[in-house]
Amino acid sequence: MSIRKRSKKAGLAPGTLIHMGRAKTGATRIDLVEYDESHLEARSVESIEQCLVKKPLPTVTWVNVDGLADLEVLRHFGSCYGIHPLVLEDILATDQRPKAADYGEYLYVVLKMITLDGESGELKSEQVSLVLGQNYLVSFQEGLEGDVFEQVRSRLNNEKARLRAMGPDFLLHALLDVIVDHYFLVLEEISDRIEDIEDELIDNPTTATVQAIYRLKRQLLFLHKAFWPLREAVSSLQRRDSQLIRDTTVIYLRDLYDHTVQVLDTLETLREMLSGMLDIYLSSVSNRLNEVMKVLTIIATIFMPLSFIVGLYGMNFKYMPELEWHYGYYMVLFLSALIGGGMLVYFKKRRWI
Amino acid sequence: MSIRKRSKKAGLAPGTLIHMGRAKTGATRIDLVEYDESHLEARSVESIEQCLVKKPLPTVTWVNVDGLADLEVLRHFGSCYGIHPLVLEDILATDQRPKAADYGEYLYVVLKMITLDGESGELKSEQVSLVLGQNYLVSFQEGLEGDVFEQVRSRLNNEKARLRAMGPDFLLHALLDVIVDHYFLVLEEISDRIEDIEDELIDNPTTATVQAIYRLKRQLLFLHKAFWPLREAVSSLQRRDSQLIRDTTVIYLRDLYDHTVQVLDTLETLREMLSGMLDIYLSSVSNRLNEVMKVLTIIATIFMPLSFIVGLYGMNFKYMPELEWHYGYYMVLFLSALIGGGMLVYFKKRRWI
Amino acid sequence: MSIRKRSKKAGLAPGTLIHMGRAKTGATRIDLVEYDESHLEARSVESIEQCLVKKPLPTVTWVNVDGLADLEVLRHFGSCYGIHPLVLEDILATDQRPKAADYGEYLYVVLKMITLDGESGELKSEQVSLVLGQNYLVSFQEGLEGDVFEQVRSRLNNEKARLRAMGPDFLLHALLDVIVDHYFLVLEEISDRIEDIEDELIDNPTTATVQAIYRLKRQLLFLHKAFWPLREAVSSLQRRDSQLIRDTTVIYLRDLYDHTVQVLDTLETLREMLSGMLDIYLSSVSNRLNEVMKVLTIIATIFMPLSFIVGLYGMNFKYMPELEWHYGYYMVLFLSALIGGGMLVYFKKRRWI
Amino acid sequence: MSIRKRSKKAGLAPGTLIHMGRAKTGATRIDLVEYDESHLEARSVESIEQCLVKKPLPTVTWVNVDGLADLEVLRHFGSCYGIHPLVLEDILATDQRPKAADYGEYLYVVLKMITLDGESGELKSEQVSLVLGQNYLVSFQEGLEGDVFEQVRSRLNNEKARLRAMGPDFLLHALLDVIVDHYFLVLEEISDRIEDIEDELIDNPTTATVQAIYRLKRQLLFLHKAFWPLREAVSSLQRRDSQLIRDTTVIYLRDLYDHTVQVLDTLETLREMLSGMLDIYLSSVSNRLNEVMKVLTIIATIFMPLSFIVGLYGMNFKYMPELEWHYGYYMVLFLSALIGGGMLVYFKKRRWI
Amino acid sequence: MSIRKRSKKAGLAPGTLIHMGRAKTGATRIDLVEYDESHLEARSVESIEQCLVKKPLPTVTWVNVDGLADLEVLRHFGSCYGIHPLVLEDILATDQRPKAADYGEYLYVVLKMITLDGESGELKSEQVSLVLGQNYLVSFQEGLEGDVFEQVRSRLNNEKARLRAMGPDFLLHALLDVIVDHYFLVLEEISDRIEDIEDELIDNPTTATVQAIYRLKRQLLFLHKAFWPLREAVSSLQRRDSQLIRDTTVIYLRDLYDHTVQVLDTLETLREMLSGMLDIYLSSVSNRLNEVMKVLTIIATIFMPLSFIVGLYGMNFKYMPELEWHYGYYMVLFLSALIGGGMLVYFKKRRWI
């Protein structure tokens, strides 16, 4: 969730390929799926050149690259498909703002894939770059630890799925859709935790509660930053006159756009709820302070005058007529009870107790 | 009022029909009304196919479907009328953002119907989907527990009502209008409660008061989220060049648009009032703390020096000349009164009492 | 200043005439003024039909209707002049948002007339509806208690006034102008009160001060809600290609538009001033708490150790050598003075006193 | 800095000339400058008619009117130059919002000239109206106490100045430029004072500090209100297709526009700095309260148990074995030191001291 | 980081050259680089006239001027290249708002170069002006202390660099890019410091922590002010139909635009994080106050009643039967333990301890 280091890039020529992600080590894994309505072939390949044998239409080629450590893969990809060096640079620079850019021959979409670590409750974000061509789609993922595309793969295996009958632009929609759906999952998780904290807030709020609120606030801030530009990107895809997006797909992209707006709405709602909770917390802290102070004041107001009285008759003056009185002691006891009781009545009247 | 679970949908093919609402069990109930200026026939039907016999113009067919548990109804509806699968999916996904979408042959409007449970004070929201065709209107409601359309039905029974003489687009307006009017009812309720809390705030504010303010704030937040997109939707209906909206209806939709703007205005006003109340509350809590502390300080400031004096003459030193004085004790009493009185004058001057 | 009840309207057919205002009883009073450059005739009439004899141009007819209780008046007006039922409904629904709507044959403007009750300091708002036709202007006022149009009437009586030589659109401008000017009057009043409260805030702020600030805040909120849409309405009038607005009047409407912007500016300034005052108040409350606590702490810090010392020598141990010392008592006195003085020096150094 | 009284204007016919400014008394002073590239003549004149002899081009006539008390001057000006009555009214109404309005034959610009009184630190604002015609510029100033135009006059005296060679539109730019530059001067002053307060805030903040912050906030609010609309006005001048603005001047107006944006930027920055300072102040007040309370608590926590112990052995029971012990007194002293020291260690550990 | 003094400029003719920067003394240093794809020549020159010998295309001339103290350099530059006096004035006025202005023959870009002083943590800002012509680029820097262009120079030395093969518009992009990249570096620094403060906030927050937060807030405010207008400037460059920007460069400018948006995003995120931290701080201060007050109240509530009891039996009344009891003293001890223990149980139950 912190800011990625761009320092090493400062001043380099644009288009210089430098890996900025976290997972520097580890192999780069390339998966290839080729399909049309009747056939589907999926295999792992060694190098990206093997994927680049262009198949005749309507066969769709989906190349999924996991891990960005191997710069050679990117260079080959760039030179074979004629991808602009700035796009290659963007794929590597894993702190990209989500966007969709039309380069005529191909369309470049970059966004964040979000998952929530169940145990630590930490958000994990991984950059996904999608390059859509006439009959291919290449997806680049930052990490190797798995992705959210499993369901798309199983839909592809189903021969009757609409996905099989349509072009790579529909595959693009499917991948974007599943990523956006995962934002919903994360927001549901966060919403559950907000409800937990809410109960805590009423029962027994502590400083840990505030820190939890604050941590959630930052996660929402992070999600907002990662998601907000996506709305614009999807909106531009849906309006796109690019011939790469078929008319039948546009209606699905509009549906996707509705989903992105809904994610943002939910984000906004959760943020306002958290703000309200902070207010509740602060007002409950003030209230408890008030209560504590009332207890202190009541005790002091009752016992300070009494201590004065008993101190008075503890003085050692030679001539103190009350000391000689037979009922002097009982009078002091009575007076004390009177003062104490009177104070209690007074506090009752002021609604302090 | 919480976020609906979309989890089960993540990664499914778009257009997959899955029920997301709460009321999964229970039958789906279908009511059919067919009317023109001179005739009206209303009956319950078993299956939706029975409604789909297209009547010649100007007869208007209104099919009202209560409950979304029976997916077959939707499938039949979709295939007979040629409704896009994404629309069917949206009807089922009961966490839709309000919107109006033009599909050429038909118009799809989705929004939230709001009622306020009188006893618990809980908001209840139910999704209503309206599909407007050339000579039919199909309305889908999420729940079975009744709706706000009763008044529209009785207006339909009145042969002279303008509603009878006009097309299904006017019926669409009538249904939207009655839903928007119910937002006014809910806001009036909330406004009454705000006034109650306001009185409480001045008389005797407690933590419960803050929690009530907060609960109302969240209800308004929820209403805002449910209503805000409706303005855009109605605005698009009113501008619509769709041939499904007749010119005579447009002026009524403009009137409806004014109502939606007014609902939003009222929402905004109520939210600002609640914010102001929180400020009042916090400042009154600080004030009371101040008052409590003043009482404590006054008591302590008066009795601590006095206790010191009486303690002084309670010492057991052999040689303490004052102890021998005949009027020593009275001097202490006089001194105590002087100090106490002087303190009171001082506090009076500083306006503490 | 509260929300008007729309409940009774929920679900009724649009255009149903139901009175929503407060002044249900009392007669409806109709005043008629007919004028051109050389003649003027003003009289009260019994029923609105009498006003509706259309005079040849350039005679201007101004009908002013006070009170909306008599629904017949509206019905007649509507049928004679061909006014749309929705407009008639809007005239009656006295919680309208200010707006200007062009119906081709006539122009409908609705807004709030604001006065401030001198004694109670309560805002009074009354809805004014203006219907401008080719050669007539009909104004509807909610209440019977007088209006702000007196000055317009006296200008009409002056034969040389520009008002007499121009059409009903200029009369419309005159009425709008005088209503907007009254907002200035109200804002001046409120501004004076803010200055009073400001002085109070520095001299001796109490909870009543906060409540006064809060009341003013709500009044400004209410004024903002009542006025804000007027800017749009006047702006649309000034741009209007409606042939009902003559070119010579447009420049005056632009001037009126400048005034509305200025009212909004002033509203905004006053609101920000009030917010700043709340901050001042809160910080002064904290400061006084600080001061109170300092007094308490100083007293306690001086006298608690002293009380310990005198308590020490009040003990009844058999063997306490100091008690036998001749100057023991004076030593304690000296020690007490030393400790007390030392504490005071310490507090002086810490700038507590 | 308060709201000007418009009360007397309410309901008057538009274009009625009524003086609203503060300086009602005092003569109106008229200065005339006529210049072209080779000649310049400057003189005071008695009445405005003397200025109105139109000179042949390229001679530029600049008439500067100081003081608005003499309504005749305005009336003459209006009738000779064919100025619209609403413009004359605006010149007199000294609470105008800055604006630029194109009346074809002439251009009307109105804005606020700001100076800061060095001693009292009060802002002084004076309305300046500028009427630009084909070969003349008339400037109206509200007050008589001098202006900021001196430097423009001395530039005019310099024969080689670009100002001499160009038309009255360049003179308009020069006057606007010098007024905008004075906003910078005022903001620099305020910025210096903010820095002073900042030092105070860290050294020794008092209630006076908050009031100073608040006063500056209000001054910035006032400046913002007076300046904000000017941006729009200058922007419209620069885009103006009015033939009164020559092409060579447009580039200078664009430069002026940049300056207005910069003034607004600076205003915004200063406002945010002040807000931050209030936060600092409040948090430092809370901190000091915390500190004060810690001192009190430490003292009370140490001496209350000790007082109990010495009180215990001050009791007069017949049978109290400790009293007879030889080292009883020393034990109490030792115990007291132990308890006191233990408490101090405990507080040290909790980082209270 | 303070506001630069514009005072001396007020009222001067536009285009008057006055040095406003800080580094008034010191020589002005001029560096000249001439290059095309095959040749590169770099040298320092004495006066700017030496740079102005126009080379034939495609040779690119880059003149870098360090220090603005020598006004002659600017005057020569202006007259040789036909630069508008207002541009020369802008180059000198080192408080310019970033902008890009198209003057047809040349393009003027001005922006702030930011560095962060490692030790003091102070931001340093230096104005950079860039004038782009057909085959030259002139860059003006305010100070002499070095710049961020070193990497661009070394890229120029590399014969194979794309920079060598392209025109001066690509050099413009390279310089802008390296400046924007330095904003990232500064933001990373600030982000690191925010994380440090965050740890401090949880461990042991002090007033110094708030002041550090506040200082960072002001730095971000300053950065925002310096950077925000740059987005617009770069956006206008990228859309520019100026023939000075070649089509091949536009795609790089779009990339640069993405970077500026990202800088602004990051700025916004950091600002929200700081705001959240202030909330955390305030709530932790209130919490600690609460804790302190609880300790005080617990101590007082336990020992005040006990002190009353022991005081009671320290009274010197003649007739006090308890004093004679054999176990009186032990009863008091027992009673004290009972009261103290009871109080502790009570506080435990209220969760105070």
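A, B, C, D and E label the chains in the order they appear, each numbered from 1.
Simple rule for what comes next: a residue touches a chain if its C-beta (ideal position, glycine included) is under 8 Å from a C-beta of that chain, and two chains touch if they have at least 3 such contacts.
Here the structure is a predicted model, which means the values were calculated and not measured.
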item	value
Contact-graph separation of subunit C and subunit E, given in steps at minimum	2
Intersection of the contact lists for subunit B and subunit D	C
Whole-Å separation of chain centres (CA-atom averages), subunit B against subunit E	42
Whole-Å gap between the CA centroids of subunit A and subunit B	26
Residues of subunit C engaged with two or more neighbouring chains	282, 286, 289, 293, 296, 300, 304, 307, 311, 314-316, 320
Chain order, ring traversed from subunit B with subunit C following	B, C, D, E, A
Sites on subunit E touched by subunit A in the complex	148, 150-152, 155, 161-163, 173-174, 177-178, 181-182, 184-185, 187-188, 191, 195, 202, 251-252, 254-255, 258, 261-262, 265-266, 268-269, 272-273, 276, 279-280, 282-284, 286-287, 289-290, 293-294, 296-297, 300-301, 304-305, 307-308, 311-312, 314-320, 351-352
Subunit C-touching residues of subunit D, taken from the complex the two chains share	2-3, 5-7, 9-15, 84, 86, 90, 95-97, 99, 204, 207, 210-211, 214, 217-218, 221-222, 225, 278, 281-282, 285-286, 288-289, 292-293, 295-296, 299-300, 303-304, 306-307, 310-311, 313-316, 320, 322-329, 332-333, 336
